[in-house]
Amino acid sequence: MTTPLTLHPHRALPADPAVRDIAVRIYEQVAGLPLISMHGHVEAQAFAENTPFADPAQLLIVPDHYVTRMLASQGISYDALGLARSDGGAVETDSRKIWRTFCENWKLYRGTPSRYWIEHELVEVFDVHEMPSAESADRIYDQIAAVVASDDFRPQQLLDRFDIEIISTTDPATSDLAFHASIAEQGLGERVVPTFRPDAVFQIGGPAWTREVDDLAAVSGIDTGDFSGFLDAIRERRRAFVAAGARASDHGHLRADTTPMDPADAAALYARVRAGERPSREEAFAFEAHMLFMTAEMSCEDGLVMQIHPGVLRDHHSGVLETYGKDKGYDIPVPVDYARGVQPMLDRFGRDPRFHCILFTIDETVYSRELAPIAGTYPSVRLGAPWWFLDSPDGMRRFRELATETAGFYNLSGFVDDTRAFASIPARHDLSRRVDAGYLANLVAEHRLGEDEATDVAIDLSTTLPRAAYPPIAH
Amino acid sequence: MTTPLTLHPHRALPADPAVRDIAVRIYEQVAGLPLISMHGHVEAQAFAENTPFADPAQLLIVPDHYVTRMLASQGISYDALGLARSDGGAVETDSRKIWRTFCENWKLYRGTPSRYWIEHELVEVFDVHEMPSAESADRIYDQIAAVVASDDFRPQQLLDRFDIEIISTTDPATSDLAFHASIAEQGLGERVVPTFRPDAVFQIGGPAWTREVDDLAAVSGIDTGDFSGFLDAIRERRRAFVAAGARASDHGHLRADTTPMDPADAAALYARVRAGERPSREEAFAFEAHMLFMTAEMSCEDGLVMQIHPGVLRDHHSGVLETYGKDKGYDIPVPVDYARGVQPMLDRFGRDPRFHCILFTIDETVYSRELAPIAGTYPSVRLGAPWWFLDSPDGMRRFRELATETAGFYNLSGFVDDTRAFASIPARHDLSRRVDAGYLANLVAEHRLGEDEATDVAIDLSTTLPRAAYPPIAH
Amino acid sequence: MTTPLTLHPHRALPADPAVRDIAVRIYEQVAGLPLISMHGHVEAQAFAENTPFADPAQLLIVPDHYVTRMLASQGISYDALGLARSDGGAVETDSRKIWRTFCENWKLYRGTPSRYWIEHELVEVFDVHEMPSAESADRIYDQIAAVVASDDFRPQQLLDRFDIEIISTTDPATSDLAFHASIAEQGLGERVVPTFRPDAVFQIGGPAWTREVDDLAAVSGIDTGDFSGFLDAIRERRRAFVAAGARASDHGHLRADTTPMDPADAAALYARVRAGERPSREEAFAFEAHMLFMTAEMSCEDGLVMQIHPGVLRDHHSGVLETYGKDKGYDIPVPVDYARGVQPMLDRFGRDPRFHCILFTIDETVYSRELAPIAGTYPSVRLGAPWWFLDSPDGMRRFRELATETAGFYNLSGFVDDTRAFASIPARHDLSRRVDAGYLANLVAEHRLGEDEATDVAIDLSTTLPRAAYPPIAH
């Protein structure tokens, strides 16, 4: 009655036998390389305290918005999936029941990267060898629970098991970096590093902005009462992040606009909002743009690589936001005007040898039209790997096809994963290496590239380029 | 001298032999399934009166704007193709001559879906076995004419021959549904159903709006003198459509905007235009958006599935509109802001279990960026099948590749044809099943899906999903 | 130590053996056809004076912004590449050194069309048979230098060697066409023709506009003091271009807008700017749009085909523009509103049998959404070949897949190259023929087109269609 679950060694490689043979040879050269994971969302606390992972549902379902949104899209309530309600209302707490719901609906994931990643995790990480189903749910639950309970399955131990060379957490500007201090004391300071994410203090129109800026003052010890103090506090936090091993900042605004404001106007707007006035929507966008411009200037000074992840309309459903909070699957991409958006920043800093930025998108239309041309000419710019919904077999293949001919391979970031699902990191890197091997094998089979060169490129995309995109900063 | 016309059993399946073998096996499981045709444009009158079809030119060329636009694009006049002129001017009336023009220009259709569909129709429906050409034109004309003259070739008989489980017509809000009453009397009421299309009464800036709203009052028996009466008349017609078997409404506005107006403002605008004032362009857009929002509310009440087909700039050439009327090939797609457009509607109704909507597009850029993320999270939303220009081998393949990884298969409508060319319906469904079989076979060949699962999905896309997307309404 | 460089006979053809066999047969029928090169950027002077080409670096690197931008994107300065500075500052003048820099960085071009073209040129044109590298740089330099020095390697001789049937230069409206007169005197007037490019006199907001319009008066002998004189001068130059063999005009505005101004407003704006006033940004756009509309009117009168190449944000980095001038790799595409942009022009002239225009894009999103539907219905419009960044193996394949199903093959321009790199012209045509052969072979392998028809289409795309797209004008 049970259906076996196996991972075919040639999965996600091209179907054509001749192309696949080449792809297998290329893949074999990169399959065992270490993982560079410079855009992660695992909490620093997990590494600092080496916390054991929770039960299967709390580990693999509840926190993964790819997984829960698919179930919700078919009418299964977030309550039934155990997502906490902000009104304190009762939700499902029986993890085994949540797990069963997931397994019963396994077919919903057909054709999706979630299915691909989870299969990889089940077999490779959890030693599960049957397909999820109503019938197998409990057996799989028990097997995962047993693995998770093992002392070998702690975050720090997994760093070795997964061969993670370096991993980054994502930390707000207001973080005191205490967990990173603890990580450093345990000798992992060069391997687990923070990333500086100041969105909440840049989004002057946000509901909690005042509190955020107060917190920034508290953590930096610098009065943020006026704009100049605010900028000093930002600079101080960046220095603290660099000291803690950070290599990059990250920015997730709605727009890619980087137009600077007149400094006096920016200061006046800051003062007004600090005094309790609510900025208009356009003022808030202008301030965010100004802060991206200022960030580029600071990057030149302190060396943090500037990552931009724009173009997501967050919290598309206000009821979900209110009841279940942010990051619950209701974030919808919108078009991004990248060419004009980053122009002010690049006009000023784009050819400055001290500046480094990486541009990401989930609006595929800008790959060939805007981002590859920009990355293919500005020395400061690298084009980031396929992000979020696009970190999938077909999404990654389209990226290669749309970006490579204009940007080449050497203006790319190489693979960058982006997940809070720690156990899925090896699956994501492995899939990327397979898709790249397939793309490169096709170039070889069409006599557009030599196989030795293709193998070089595969290695570069896996390790050389990500290492180069996020260089360590002397401190 | 004649060139034989045959349909290869493996047409439109993948070229790679190993993938094709899998695709053939999958295709064979779905090739014989019945057709669900829930977005048709055949006239209800044709079914009600079981009208014999016209001659080959009047059947296959004159009314098909795919066919006539291609000839016109190469300089053949609409007059020569027999399209009626609104100025009563003389046009070609010799159907045999029109047919010859078409056959002489057969090469223009190379690489197009029209060619694919027509070849299928010629062989499978009309028993024609030679390629159209100047030389073969008359023989083919005679063969088609003979088939069309047969009593087996009436609309009602074709329902059986084509194995159409259910077909929908498209009917204006002002329709009295008399033909559907007659269809029901003939015992076909559950098989041939209407779809409620209120565009003409929602488009307050349209040239004939006042007459349309007068007609709405006449057919509903409800005074449409004020906005409240207008809404009541709409509700009455929806009830009448539901009683006649309708399962859906359909909306073809330029924008996807669903922002509600303040009810008092909507009523005031309605009153002003009803009194003869001409609304501004922006007022007209605002009213249409408001009516989409109101339609969602009504859908929750009466169960009609709401189909949205936005983003077409109609009547791009004013001279063609003036002389030959609407739907003459001069409808050009434009970008659609779907993410922000449907946000007000989905914020209010998107998680209401009574609400069901299907989103279509011919702006391919929104598949992966906006529509798959929306359909992949909102339980009320299904992503419609590739529409219009995209209902083609490459168009459908791109849809699968761009939508599946984010939306999965189970948030899709399954195949929905969209044509006034009745005889082409089997060809369109068959082509879709072939393209899906090819896409799924590739997933199998790349070890991303099991063949048994792929076969399940193929069946679901052909029948299970379209049935579920348009459920019958108890009445 | 040296790596051999060879061109595989099946390069850029499909990898699948069965499809490739078909592709080879199709390709063999078109490989030897003559080249139609109607959108070139080689200088007329080179043909008139039959100037010997410069050294390898000055021939293949310094003037090719595809090549220099890739090196610059990795931090190599334009100074080191020998690009002239407008401030007269010192730049590298040792061509051998520039050539070495290029060869040392050969890997940067992996996966790019530059790599493909240059390999073709090295082997086929320069008889080089080793891969560029630090080690081989000097040997390759010497080999190219020897070829270039030969009298057989002059522009006029290359016309025969490359089998160029006709080639167009691109000439400003203010050109006196003296070089073309000389070309005609040498008997090449039908083979090397000018193209009328009036951007500089249409861009009323440009920095040198006044001087340009003064020059226009000087060359035409018509006073451009008022708008009516300006239009007359334009008409005169168009006549002069036609007399010199021109077949087309070319227009590279930022937008595709063709909305006509009120003639009095246009005249008044012209007068104000002529008097020294600076137009607003929106006024400048409006004037450009008006001039596109007027150009369509003039095209109906004199028969010049109107080419539109919109949507490029030029000179994205002001510092590069200031120091190194225009066309230095900092031109970034932006979205184009084509459907609404060309509507005024096509509404007026789009069905006029005297009007012919060709629409190009580097915004791929408009292929299937806007351009194929427009070209597939308006008799005056042909859809131009993939332009610029898209003139690449994957770019051309995507074009076929996105445009053919809606526009067919016969509403396309056929292949149009676009380069100032004369020696790369055969490589570009050859690559296009290979990609088309592959696309067509796939249609054949999928039983969507007969092989005989596919071969016909390949020939049409190579020669018949480009000849028809740019017909000679009786004069």
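Points worth noting:
Order of writing sets the chain letters: A, B and C. Residues in each chain are counted from 1.
The working rule: a contact is a pair of C-beta atoms (placed from the backbone, for glycine too) under 8 Å apart; a residue touches a chain by one contact, two chains touch by 3 or more.
All values derive from a computational prediction rather than experimental measurement.
Rotation angle for the C-alpha superposition of chain B on chain C: 120 degrees, rounded in steps of 5.
Where the sister copies chain A and chain B meet, the same residue numbers recur on both sides for under half of the interface positions.
Inter-chain centre distance (chain A to chain B, centres taken as mean C-alpha positions): 40 Å. Contacts with at least two other chains are made by residues 16, 335, 365 of chain B. Of all residues in chain A, those touching chain B in their complex are 8, 10-17, 69-70, 72-75, 107-113, 116, 313, 316-320, 329-335, 362-365, 389-390, 392-395, 398. Interface of chain A with chain C (complex): residues 16, 18-19, 335, 337, 339-340, 343, 346-347, 350-351, 353, 365, 368-370, 372-379, 381, 401-402, 404-411, 442-443, 445-449, 453, 456-457.
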